[in-house]
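Presented sequentially are two complexes of chain A, the first with chain B as partner and the second with chain C.
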Partner chain A sequence: MSFVQNFPFFTIILSLICAVVSFVLSKNASKWVSVALLSISSVLNLAVLVYCSQNNTDFTYMMGHFPAPWGNELAAGVFESLMALLFAFVMLMSILGGASHVEHDVAKQRRHLYWVMVDLTHAALMALCYTNDIFTGYVFIEVCTIASCALLAVRGGGRVLIASVRYMIFALVGSGLFLMGVVFTYSITGHLLFPQLREAIALLWRDGSYRLSMTVAIGLMSVGLAIKAGLFPFHFWLPSAHGRATTATSGILSGVIVKGYLFLLIKIIYRVVGVEVFHASGVQNVLLIFGVAAMVFCSAAAVGSRRLKTMVAYSSAAQIGYMFMGLGMGTEAALIAVFFQIISHALTKPMLFLASSSLMDSCGGHQDFRSLRGAGHRNKPAGFLFTVGALSMVGIPMFIGFIPKLHFASAAFGMGWRTWAVLGALVISTLLNVLYFLYTAMLLWLPVNDDNRPSFNGKSAWRHAAPGLALAVLGMAIGLQSAPLAQLLQQGIALFCR
Partner chain B sequence: MNTQPNHANDPSLLELWYNGGLDLTDHLYIPVEDEPQPAEKYRPKHNDAVFARHLYRYARVFNVAGTVLCILFSLLMILTVANLPAYGDPDAPTVNEVAERYVEQGTAETGAVNTVAGMILDYRAFDTLGESFVLFTAVAAVTILMERKPKKKVRRAEVISYAEDDIVRVVSRFVIPIVLVFGVYILLNGHLSPGGGFSGGAIMAAAPILYAMVWGDEQASRVFTARRIRTVVVCALGFYCAAKSYSFFTGANHLPSIISTGTPGNIFSAGLIMPLNVAVGLVVCCTMYSFYMYFRRGSI
Partner chain C sequence: MQELLNHLNNLPFNYEEAVAVILFAIGLSMLLFCRNLLKKVIGLDVMDAGIFLLLADRGYITGRTVPIIVDGVTEMEYYINPIPAGLVLTGIVVSVSVTALMLSLTVRIYKTYRTLEIDKLYIMMTNWRKGERE
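== the complex of A and B ==
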C-alpha cells in the first residue's frame, strides 16, 4: 500500500485537529492555521489525484482494524480527489480574498470562531468527498450544515440572522429527509457501505420486493440533498444566504458547499443506487424537470433583482439547475458535463462574489445598479474580474462557462422530449444571462463623473484581487484548453461507474 | 457590524433596461442617499416586512396547502413503513453477517462486554468521531450566536438564587455529588454495561447545572470558567483525534498496534474504548453546561 493512500484520511483528521486547536488560539493565529490547512490539503489532494490518474486506479481505505461491511471506509478515485482538490483550492482562494472583509464584518471576540468554522466546513467537505459509507455521509452533512449556518450568522445584524434562520430551516428539512432515506435504505438492505448497498439494492430491485420503500428512499435522499443544494422550488433561502454573508462565506457557500452535497448525491446515484435503478425509479425525470425549471425561473428572478449580490446569488440557483438537469439526463456524457459545470461554477462564482464586494467597497458600500455605474473605472481589477466572470457565466467561447454548455448541448441529442427541454432551457437561460450579466458588466464601464463619489483608496485593489485573479487565470486556462480535463474526467468516469 | 443601506427603491436591472438606464449622455453621478424619497410612493417589494405581510395575508392558503401536503406526506410515510420488514423479524435484511459479527465476536474482537460500545467506538469509530464533532460544531456555533458581555449590573430581582432556602441548599449538597458520581460510573463502566460517553456526560452535566441553579450563575461561573471549560473540551477532543488517528492509521496500513483488548470484563480493558468514553463524556458534559449558561446569561 502506497503512502499516498493515507492522504484522504490525513486531510480529514488534520482539519478536525486544526479546528480544535483554533478554538483556543488568537484570531490571527487561527486565520493562519486555516490558510495553512487549506494549502496543505490542496497539495495532499493533488498528490492523490496524480496517484489515481497515473496508476488509473481507485482504492479504499479501511478506517480502523475492521474490513468493509463491519468498519467504516474511505474511497478515493479520480473524481473524489479532483473534487476534494477543487474544494480545498476554492476555499483557500475565497478566504484569502475575503479575509479583509471578515475583519470588517465579524466582531473581534468571535473572529477566531469564524476560522474554526472554516476548518470544520473543510473537514466535512473532505469527508463528503471521500466517504464510502452512507451514514458517515449523513454525520458530516450535519457538521457541514451547522458550520455553514454559523459562517453565515457570524456577520450579525437583523437581515443576516433572518437569512441564516431561513437557511437553517431549509438545511435541516433537507438533512431530515436524507436521514429518513438512509433509515429506509438500511432497514431493507441491512448495509451502510456503498459497495454492499449497491449489490443489495440491485438484488432487491430485480426481485421486486420492497419496491415502494426503495423508491421512496431514493426519492427522499435525492430531494433532501436537492433542498440543501438549493434546487429550484426550494431555492428561497439561497439568494439571501449567499447574498448577505460576508464575502469569504459567500464564496464558500456558493463555490463549494452546494457542490459538496451535489457530489454526495452523484455518488449515491452512481455508486449506491446504480444509474439503472435510479432511472427506473422515476426520480431522474423529476430532477430533470426541476433542473430545467431552475434554469429558467432563477435566471428570470436574477433579471428582476435589485442588488448586485442578490443577482449573483440567483445566478447560482440557475447554475445549480444546470447540474441537476445533467443528473436528470443520466448519460455518461451528461455526467461529464455536470462535472465541467461544477468546476466552472466553483471557479467563477467565488470570483464574482469577491469582485462584487470590492466593487461595492469602491461605491461606498452601495450595491444598487445606479451606484455601481462606472465602478470599474474606480476599481479596475475588480471590474476586470467581474467582466471575466460575467462573460464566463454567459458562456462566451474561450471562457470556462462555455465548456459545460457545449457538453450539455451535445449530450442532449437523441433523448426524445428531454432533448427539447434541455436545449430550450439552455437557450432561454443563456439569453437571460446575457441580459443580466452582460448588462451589469457594461454598466460597470460606463464613463462617469466621479466628483461626488465617496472617496475610495484603490491602492490595495490589486492585492485584494489577487486570489480572484488566480481563479480567473485557472478558469481561462481550462476554457482555452479543456481537452486534458475532459480526458481526466473520462478516466474518472470509467473508474467511477464501474 | 455594518448597517446595510435600504435598497427597497432601487431599480432592478429590468426596470433600468426598460427605462433606458444605459444613457451614455448622463455623466453626472447622483449620490443615492441624497435622492429625495417620495413618501407616498414608497412601495418596497422585496422587503422582509412586506414578505411577512404577504405571508399573513395568504396565511389561510398556506395553512390549507400545508395541511394537505402534510397529510399526503404522512400517508406516503405510513405506506412506506408498512412496506418495511416487520420489527424483530428474524428474516429481516438487517439480520445479516454484519450484525452477526457485532454480536457474536464483538466482545472477543474489541474487548468490550457492552456490544454497543464496541460497535460505536471500535467497529464504526469514524462515525462517532464525526458525532463528537457535531457537538463541538454546535458549541462553537452557539458561542458565535450568544456570546456577549454579561450585564455589568444585574438588578437584585433578576438574580435568582435558591441558596437562601434551607431545603434546596441541603438537598442539593447531597444530590450534586451523587449525580456526579453516578455520571462518572456510567462513563467509566460504558464498555461493561449499558451507558457510555453520551449518556454519562449528559448525567454529569446535571451536576454543574444544578449547582448554577442553586448557588447562582455568578458563583458557578467563578468555578467553571470559560477558560477551564475550553481547556477541557480541547484536551478531550484533541486526545480523541490523536488516539483514533493512531488506531485508524495502524489499522489501514496493517501495522501492529500497541493497544491490547485486555481481559473482557475488567475495568481496564477494551483498549481505547474506556478513555474514548471519558473524552466523549467530558465533551458532552461541557456542551450541555455551556448551552445552559449561554441561553441563561449569554456567557459562561
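== the complex of A and C ==
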C-alpha cells in the first residue's frame, strides 16, 4: 500500500484536530490554522489526484482494519480527489478573500469560533467526498449542515437569524427525507457500504422484488439531497442565506457546500443505485424536469431582484438547475458536463461574491443598482472581477462558463423530448443571464460624476482582490484550454462507473 | 399496483412500520407547515422519532435476545441484529445536536423580535424592505 493512500483520511482527521485546537487559540492564530489546514489539504488532495490519475486506479481505505461488510471505508479515485481538491482550494480562496469582512461582521469574542466552523465544514466536505458508507454520508451531511448554519448565523443581526432558521428548516427536511431513504435501502438490502449495496440492488432489481420500495427509497434520497442543494422549487431559503451571509460564508455556501451534497447524490446514483436502475425507476426524469424549471424560473427571479447579492444568489439557484438537468439526462457525456459545471460554478461564484462585497464597500455599503452605477471606476479590481465573472456566467467563449454549456448542448442530441427541453432551457437561461449579468456589468462602468459619493480607499483594493484574481486566472486557463481537464474527467468516469 | 396491494395485505402484521411512517409524516408536515418556530422544532423531533422507531423495529427479530453473549452461546440465530441499534444511537446524537442548534436560534429570534410566529416575522421583513426602497 502506497503512503499516498492515507491522505484522504489525513485530510478529515487533520481538520477535526484543527477544529479542536482552534477552539482554545486566539482569534488570529485560529485564522492562520484554518488557512494552513486548507492549504495542506489542497496539497494532499492534489497528491491523491496525481497518484490515481497516473496509476489509472482507485482504492478503498479500511478504517481500523475491519474488512468489508462490517468496517467503515473511504474510497478515492480521480473524481473524489478532484472534487476534494476543488472544495479545499475554493474554500481557501473564499476565506482569504473574505477575511477582512469576517473581522468586520463577526463580534470579537466569537471570531475564533468562526474559524472552528470553517475547519468543521472542511472536515464534513472531505468526508462527503471520500466516504464509501451511506450512513457515514448521512452523519457528515448533518455535520456540514450544522457547521454551515453556524457560519451563516455568526454574523448576527435579525435578518441573518431569520435566514439561518429558514436554511435550517429546509436542510432538516432534506436530511430527514434522506435518512428515511437510507433506512428503506438498509432494510431492503441489509448493507451500508456502497459496493455491497450496489450488488444487492442490482440483484433485487433483476429479480423484480421490492421494486416499489426501492423506487421510493431512491426518490427519498434524491429529493432529500436536492432540497439540501437548493433545487427549484425548494430554493426559497437559498437567496436569503447566500445573500445575507458574510462574504467568506457566501462563497463557501454557494461555491462548495451545495456541491458537496450534489457530489454525494452523484455517488449514490452511480456507485450505489447504478445508473440503469436509476433510469428505470423514473426518478431521473423528475430531476431533469425540476432542473430545467430551475434554470428558467430562478434566472427570471434573478432578473427581478433588486439587490446585487440576491441577484448573484438567484443565479446560483439557476446554475444548480443545470447540474440536476445533467443528472437527469443520465449519459456519460452529460456527467462530464455536470462536472464541468460544478468546477466552473465553484470557481466563478465565490469570485462574484467577493467582487460584489468589494463593490458594495466602495458604495458605502449600499447594494441597490442605483448606488452601484459607476462603481467599477472607484474600485477597479472588483469591477474587473465582476465583469469576468459575469461574462463567464453568460457563457462567452474563452471564459470557463462556456465549457459546460457546450458540453450540455452536445450531450443533449438524440434523446427524444429531452433534447428539446434541454436545448430550450439552455437558450432561455442564457438569454436571461445576458439580461441581468451583462446589464449589471455595464452598469458598473457607466461614466458618473463622483463628487457626492462616499470616499473609498482604493489602495488596499488590489490586495483584497488577489484571491478572486487567482480564481479568475484559473477559470480563464480552463476556459482557454479545457482538453486536459476533459481527458481527466473521461479517465475519472471510466473508474467511477466501473 | 399488485405490489402495492400485497403490501397493504401485510399491513396488520407490520403495524410498527406503519406507525413509524405515520409519525414521520406527521413530523415532516409539522416541520414544513406549522407557522410557529417552537412547533417546528417539535415536528423535527417527532420526525426523527419516527425514523428511529422504523430503524429499531427493522433490527428486532421476534423470539431472539440482545446480542450480548451469555452462557457461551455464539450462534447467530439466538441474537437480534445489533447494527440498527448502533445507527439509532448515532442518529439520536445527531438529532439532539440539531435540536439544540434550532432551539438556540429560536431563543435568539425571540429575544430580538419577541415573537415566534413566522408570518409576523415575514411581515416585519417585508416592511423593512419597503423602508429600504423608500
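We take it that the second predicted complex is superposed on the first by the 498 of 498 C-alpha atoms of A that agree within 3 Å, B and C clash if a C-alpha of one lies under 4 Å from a C-alpha of the other, contacts with A are read in each partner's own complex, and residues count from 1 in each chain.
FYI, contacts are C-beta pairs under 8 Å (C-beta built on N, C-alpha and C of every residue); 3 or more make two chains touch, one makes a residue touch a chain.
All of these numbers come straight from a predicted model, not from anything done at the bench.
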Applying the document's definition of touch, where does A:Val165 land relative to chain B and chain C: first, second, both, or neither? second
Does the superposition put A:Val303 against chain B (first), chain C (second), both, or neither? first
After the superposition on A, what does A:Met1 contact: first (chain B), second (chain C), both or neither? first
Quick check for you: in the superposed arrangement, does A:Glu80 touch first (chain B), second (chain C), both or neither? neither
Taking the superposition on A as described, I'd like to know which of chain B and chain C A:Leu16 touches: first, second, both or neither. first
Which of chain B and chain C A:Ile146 touches, first, second, both or neither: both
Of the two partners chain B and chain C, indicate the one touching more residues belonging to chain A. B
In the superposed arrangement, does A:Phe135 touch chain B (first), chain C (second), both or neither? both
Of the partners chain B and chain C, which touch A:Asp119 in the superposed model: first, second, both, neither? neither
On the A-aligned overlay, A:His65 touches which partner chain: chain B = first, chain C = second, or both, or neither? first
Please report the chain A residues shared by its interface with chain B and its interface with chain C. 135, 139, 142, 146, 149-150, 153, 159, 162, 180, 186-187, 212, 306, 368
Using the touch definition up top, name the residues of chain A that touch chain B in the complex. 1, 5-6, 9, 13, 16-17, 19-21, 23-24, 61-66, 69-72, 104-105, 107, 109-110, 113-114, 116-117, 120, 123, 127, 133, 135-136, 139-140, 142-143, 146-147, 149-150, 153-157, 159, 162, 180, 184, 186-191, 200, 210, 212-213, 216-217, 244, 303-307, 311, 365-371, 373-374, 435-436, 439-440, 442-443, 446-454
Which residues, counting only chain C, touch chain A once they are in their complex? 3-4, 7, 24, 27-28, 31-32, 37, 40, 44, 47-48, 51, 54-55, 58, 83-84, 87, 90-91, 94, 97-98, 101-102, 105-106, 108-109, 112-113, 121, 125, 128, 132-133
Using the touch definition from the top, list the residues of chain B that touch chain A in their complex. 1-5, 7, 10-14, 16-17, 21-22, 24, 27-32, 46, 48, 76-77, 79-80, 83-85, 92-99, 101-102, 109, 122-127, 129-131, 133-134, 136-138, 140-141, 143-145, 147, 230-231, 233-234, 237-238, 241-242, 244-245, 247-254, 257
Would you mind writing out the residues of chain A in touch with chain C in their complex? 135, 138-139, 142, 145-146, 149-150, 153, 158-159, 161-162, 164-165, 168-169, 172-173, 176-177, 179-180, 183, 186-187, 192, 211-212, 306, 368
